[in-house]
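Below: one structure in structure tokens.
Chain IDs A, B, C and D follow the sequence of writing; residue 1 opens each chain.
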Amino acid sequence: MTTTTTTPIEKPRQIVRSGRRFISGDIACAEGAIAAGCRFFAGYPITPATEIAEHMARRLPQIDGVYIQMEDEIASMAAIIGASYAGVKSMTATSGPGFSLMMENIGLALMTETPCVIVNVMRGGPSTGQPTMPGQQDVMQARWGSHGDYEIIALAPSSVQEMFDLTIDAFNLAESYRVPVFVLADEIVGHMWERVTIPNAESIKIVNRKKPTAPPSNSFAPFKPDEDLVPPMAVFGEGYHFHATGLTHDERGYPRTESAEVQTQLVQRLCNKIRKNKQKIVRFENAMLEDAEVAVVAYGIAARAALSAVRKARAEDIKAGLLRPLTIWPFPDEQVAELARRVKALVVPEMNCGQIVREVERAAKETPVIFLPKLGEEPHKPEEILDVIRGIHR
Amino acid sequence: MEESGHPYEKFLRKDRIPHIWCEGCGNGIILNCFARALDELNMDLNKVVVVSGIGCIGRVSGYTNTDSFHTTHGRPIAFATGVKLANPELKVVVISGDGDLFAIGGNHFIHAARRNLDIQVVCANNFIYGMTGGQYGPTTPLDTWTTTTPYGNIEQAFNLVHLAAACGSVYVARWTTLQTRWLTESIKKALQKEGFSFIEVVSQCPEIFGRYNKMETAIKMMQWFKEASVVEHFSDPAKAEITPHRIVTGEFVDIEKPSYGRLLKEMKTRIAEKK
Amino acid sequence: MTLPEVQTQQKDDLRIGVYVCHCGLNIAGTVDCEQVVAFAATLPHVVLAKDNRYTCSDQGQELIKKDIKEHRLNRVVVASCSPRLHEPTFRRACEEAGLNKYLFEMANIREHCSWVHLYEKEAATEKAKDLVRMAVAKAALLEPETESVVPIINKALVIGGGVAGIQAALDLADTGYKVFLVEKEPSIGGRMAQIDKTFPTMDCSICILAPKMSDAGRHPNIELLTNSDILDVKGYIGNFKVKVLKKPRYVTKDCSACGDCATACPVTAPNEFDLGLATRHAIYTPFAQAVPSTYIVDRNLCLNKENIIVCDKCIKACERKTIDFNMKPETLELDVGTIIVATGADVYDPASLVNYGYTKYPNVITSLEFERLINAGGPSAGHLLRPTDMRIPKSVAFIQCVGSRSEKGNLYCSNVCCMNTIKDALLIKEHWPETEIYVYYVDIRAFGKGFEDLYKRARKEGVHFIRGLPSEIWEDRKTRGLWLVGENTLLREVYKTNVEMVILSIGLQPRVDSDIIQRLCNLSRTPDGFFMEAHPKLRPVDAPTGGIFLAGCAESPKDIKDSVTQASAAAARASILMAQGKVTVEAITSQLTPESCTGCQMCVKVCPFNAITSVPELKKVELIEAACSGCGTCSAECPFNAITMHHFTDAQLFAQIDAATEVDADKKIVAFCCNWCSYAGADFAGVSRMQYPTNVRVIRTMCSGRVAPKFVERAFARGAAAVLVSGCHIGDCHYINANLQTEKRVERLWKKMERLGLNKNRLQLVWVSAAEGERFASKIKEMQSTVSNVNPEEIEKSRKMTERG
Amino acid sequence: MPVRTWRRPLDADKVKPPQAEVHIIKDRCKGCGYCIEFCPKDVLEESNEINKRGIHPPKVIDEERCALCGFCSAVCPDFAIYTTEKNCKEKKTTK
């Protein structure tokens, strides 16, 4: 690896370290967060996400941010909600076990509509499982892990560059919709070193949360939404003297545990502010799908093998293509459905026993879906996927 | 609601009063003393954040006319950590119960104290889980009766002031809700102190704890406080017992120690200067 | 020293010398001393008997010393005055001649004989012989005793922070001794602080007192304990253990006395210092110059009861955060060598004299209230205001001797009131010369230095002095003025005067709580109720109890000058002791004969000083002589004669009884008197020349508790007509409560007499204080009927007394 | 010193503590009775009237007696009682 030459001399207080760099996925994620304006990180050491914490611990103090290592992931999650309500973009990074511990407070973040980012560098589970091995086993947990009904946003990077880009995206989405946003990376993407191009600060698009326009008053309603169903966000210390609670609450933020109406209104809105804005949120990538007969649907690390498999197939004159969702949640099901109507079959490689494949099947209707599971150290090999493509072609 | 002209109205969310607490509940007195403390220090209410957890006293954040947050069970201190570090200008006060802070939230308490995080923690200790109907908890005295100790409690209780002192709090005090004057002074002192301060308020739950333990009325519980409480400033917190006959109250710790916030700030300036 | 020989001496080696004193004519005027001498010479072991005019004179003492050497006397008996007066003198003489002082005995033929039988010369002479016989009998059995020497702690306790206490404390402290000055009020200063001007110099009282107060306050050797009570005094001369209760002020020393707390305090009450003429708050300082200046909370008035703080106004008002409701009372244990009692006096409360209408007519005030009114720092800023209309009266009347020199109040003269009134009258004239002033008096007593001049000045200023107190005062409903009616005893005419204001010149009286200090310090009180000195002439500042001294009005009413004088004297007396560093204590203590002890513990139960402890494993008791104070009640209680009371042994007392009853027993009263009260009372009867029958023979014991039933029985067995047991009043016992045993024993004896069909009136018990000579005398008179009624059969029967059962 | 204080102090009027006004917000009261129980001057007692929560709020027996210590309002869990100085318009806290 001969790339240190591309790295300019470190300027510690420089916020966006523009230029071409050779860094790991975890570091890219951290730099992305900083570029997006994250100034608060609370976390707890866990493989394979630890490097994000380590990098934040070094970088944040240099740029007047705060890194704190909490007593556990429960605390970390609570802390970033607090920081966000204090008006600072915040994030935490963890892996499976820690992700499980965060679930209750992720629910709190959803209920209190707290913009924040949770990075899960997935490893092999269940339980302590394989700390140093890749996996894609938490994608459903990300969707349904916390109790109660809600909609969530989750992004799946498959390269170090995307670790940078999608983390920025994650913050922007979180700020736009006042939701916790997940970055579902995996051990390989996290630990992999690649060349990354970090753009100039000014060319990076940054979104900040909407602020209330009315001055503080007794009638201020912190949870009264605009047309986009997202309420402007007041933060502590601005004089609004508002209240927020994990209890079912009205637009004033006051508990209304007895009212079915308030409950319906609130939970519906929490879901709809994602559903109704799905078009704006969903991100995906197509490769050679125009005339495809066989389509592979893959995300994260699995998508990398899938892409080379598709290329190899094309070399053998097999009309194959790739659909790569960048947002696993919300899931691009319209796109999959449209695709399913014009291909023979869909191939879904995942590093689990079948999770997103269910979403694909649900969208594909009659079109057959072939699933390629993978567990343990090795990700899919292009050949494994190519064989399946060949099989369909015949 | 009517314009009552009550002097502490301005510290309350008028539209939320009367509160949900039962007749004679100590929580109201704690809120009262807190309001008085804010008044006497005439604090900038825009810079005060009240954070609470789950349980009867958890509702307190819904009544203070400040920015406030009602967190999940056991997590107010963790949440407050984020708030305080993100905006050091804010006075972050955690008001919560014994179960919330010391059972499910115990870990956060000891670590925040260890870090000497710049927050004030006021614990309403009513010896039980009131909101869920009176189960025993980490502070339930030995041999007392609750819905889940139908044969009397066989667990040892936490001595909260001892715990807080051991974890490194810079200010530790315990008062009963009858000692409103001292309690108010303590809250004022804590609010002006740098670092992690802890005030245990021995509070009454006449509705449940009282009924279960031969103190059927609010007055009877207050009589207990009146007869049993002794003030022993700076006595050994390890010996600060709470028994039917003796409630040791007073200030137990009042020391100076750089807070987490200060050390963080100093570290940042060191880094800045290096360049 | 002759001690060793004496101890091993056979009785026939006894060589007793008897000296009969004429005491001028005090004794010789009544008693035929030659006869007594001749008689003494006939007594066993008496090798020489002499009389002389004044045995206590130097020649008298020299003679005794000479004789001891020349005639190898090994016992000396002096028949003269009370041993309470001159025993020390003669003991010293004996010692100087090398004779152990415990081998000296005295016969009290003055106070107990010549003075009380002035007109019965023969009988008195016979009695004198008996008394000498008794003394010689005891002398024959006297043993030499060795006195233990105890060190004296170089610290003093002064009780009472008035001018006397302050002076005593300052003198001792300046001498270099550590002093604990205990005052029960929040501030030192006492009465003098309340007074406006002092006579005869007319200078401002507080102005001259305040500097002394602050000196006392910051003297390195003085530890000020205000708001404190004496709880307990144990031990003995040179080694007192004192318990002091230091009540909390609820304000710490850091108090700057700014007074903000008082301003904030919502509750008020009349200020005691201003006699209720001004208000104070629950947190207050009694007066501006108070020492210590630290404020104090009156918890009875304060809204904060028990441990609830309901009101925090003062706490909030106090910038220096010095108010601490959590303060607790402390009990301090002080070790001191000497104690000065300067507890002062109360003023007479004239409300009981209804004819003067005090508390009925607001314009009738007391002289102390006057002091506050005329005082510039007082409630009326120095304006003499009529309480009813707040204007300055054009005419005032002073009434003297209110509560003094009369059955209605106290019998004695309060000493200061005359001059105080003269001073007050002049003050009024000074401020408002036009005021008509009438002083109604009994006698004007202007005896002190500069007093007469002041009196003259008052007369010259036109103050009217009328002899004869008004019999009644009533108020004019309209003017609220007052009508005084009485007789001018000089002009022999009735007067009826109208004045706008009346000032009652109230007297001084003993502190209502004097009994507490009296009990704690084993003091005696005169009939007036003031503390009694060890000797009215020669030891005027010593209390009868060693190591304790008296100063100021606690001893008797006196003005500031006398109080200060006495205080300095007391300090000097205390210093002498402490300077010596050690003191020898009388060898009059009990001693255990373990062989005879059965461990029954009777003695353990009765010892007031816990000097005896039981040793069950040995079936014995242990007696700590150092802790023994010598009442002898243990010895009286012991059924096995296992306890010997030094210098008052069974044998010695039996010998005295036998001697007393040798002739005409059936006409005699054998009286047992305790050294401190009843014997002193009998002395007092003598000093006051109270006459009573001659047939009483007094045997002195240290305490009535020493009087064992067997002594009484012995007296009856010997055919005595009657027996009198007497001691201090219950509660006044100088051995805490040993006289309770006396009471029990006498009651037991009465029962026994009843069983034996004896007339129990023949045994009498009477409590006589040192001041109650009259009581003693009349008891003897009263017993005469009993004596004359005893017939031979009765006497015969009573010989059975000694038999068991 | 045992002193007979029978006179009305000369400065009685000057040091007269301010007159109190006790304000009870009846409908807030939940009837715990603390204010009645712990009033050092026994100014309050339970009334017969029934507030909208169906309990008997306290009533003032004798306002004269009130020393303005403000403990009633300090110990009230329901912000239902407070005291002010008479004839001073603006209600001020017990500070």
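Heads up, the rule we're going with is that contacts are C-beta pairs under 8 Å (C-beta built on N, C-alpha and C of every residue); 3 or more make two chains touch, one makes a residue touch a chain.
Note that this is a predicted model, so its numbers are computed, not measured.
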| item | value |
| --- | --- |
| Selected pair, greater C-beta contact count between A-B and C-D | A-B |
| Chain C-chain D separation of Cα centroids, rounded to whole Å | 53 |
| Computed distance of Cα centres, chain D from chain A, in Å | 62 |
| Between chain C and chain A, distance of the C-alpha-averaged centres to the nearest whole Å | 99 |
| Rounded Å distance between chain A and chain B, as computed from the means of their C-alpha atoms | 38 |
| Shared-contact residues (touching 2 or more other chains) in chain B | 178, 181 |
| Interface hub residues of chain D, defined as touching at least two other chains | 38, 71, 74, 95 |
| Touching two or more other chains - residue numbers and ranges from chain A | none |
| Touch-based graph of the chains, sorted into line, ring, star, complete or other | other |
| Interchain pairs in contact, sorted by label | A-B, B-C, B-D, C-D |
| In the complex with chain C, residue positions of chain D that touch it | 1-7, 9-12, 15, 17, 38-41, 67-71, 74, 95 |
| Residue numbers on chain D that touch chain B, as the complex places them | 23, 25, 27-28, 30-34, 37-38, 55, 71, 73-79, 82, 91-95 |
| Touch list for chain A against partner chain B, complex | 12-13, 39-40, 42, 61-62, 64, 66, 68, 70-72, 74-76, 78-88, 90, 104-105, 107-108, 112, 218, 236-247, 254-255 |
| Residue numbers on chain C that touch chain D, as the complex places them | 185, 266-272, 274-279, 281, 303-305, 308, 310-311, 313, 316, 346, 349, 351, 359, 362, 379-380, 385, 387, 390, 512 |
| List of chain B residues in touch with chain D within their complex | 2, 4-9, 12, 17-19, 21-29, 31-33, 36, 39-40, 177-178, 180-181, 184, 206, 217-219, 222 |
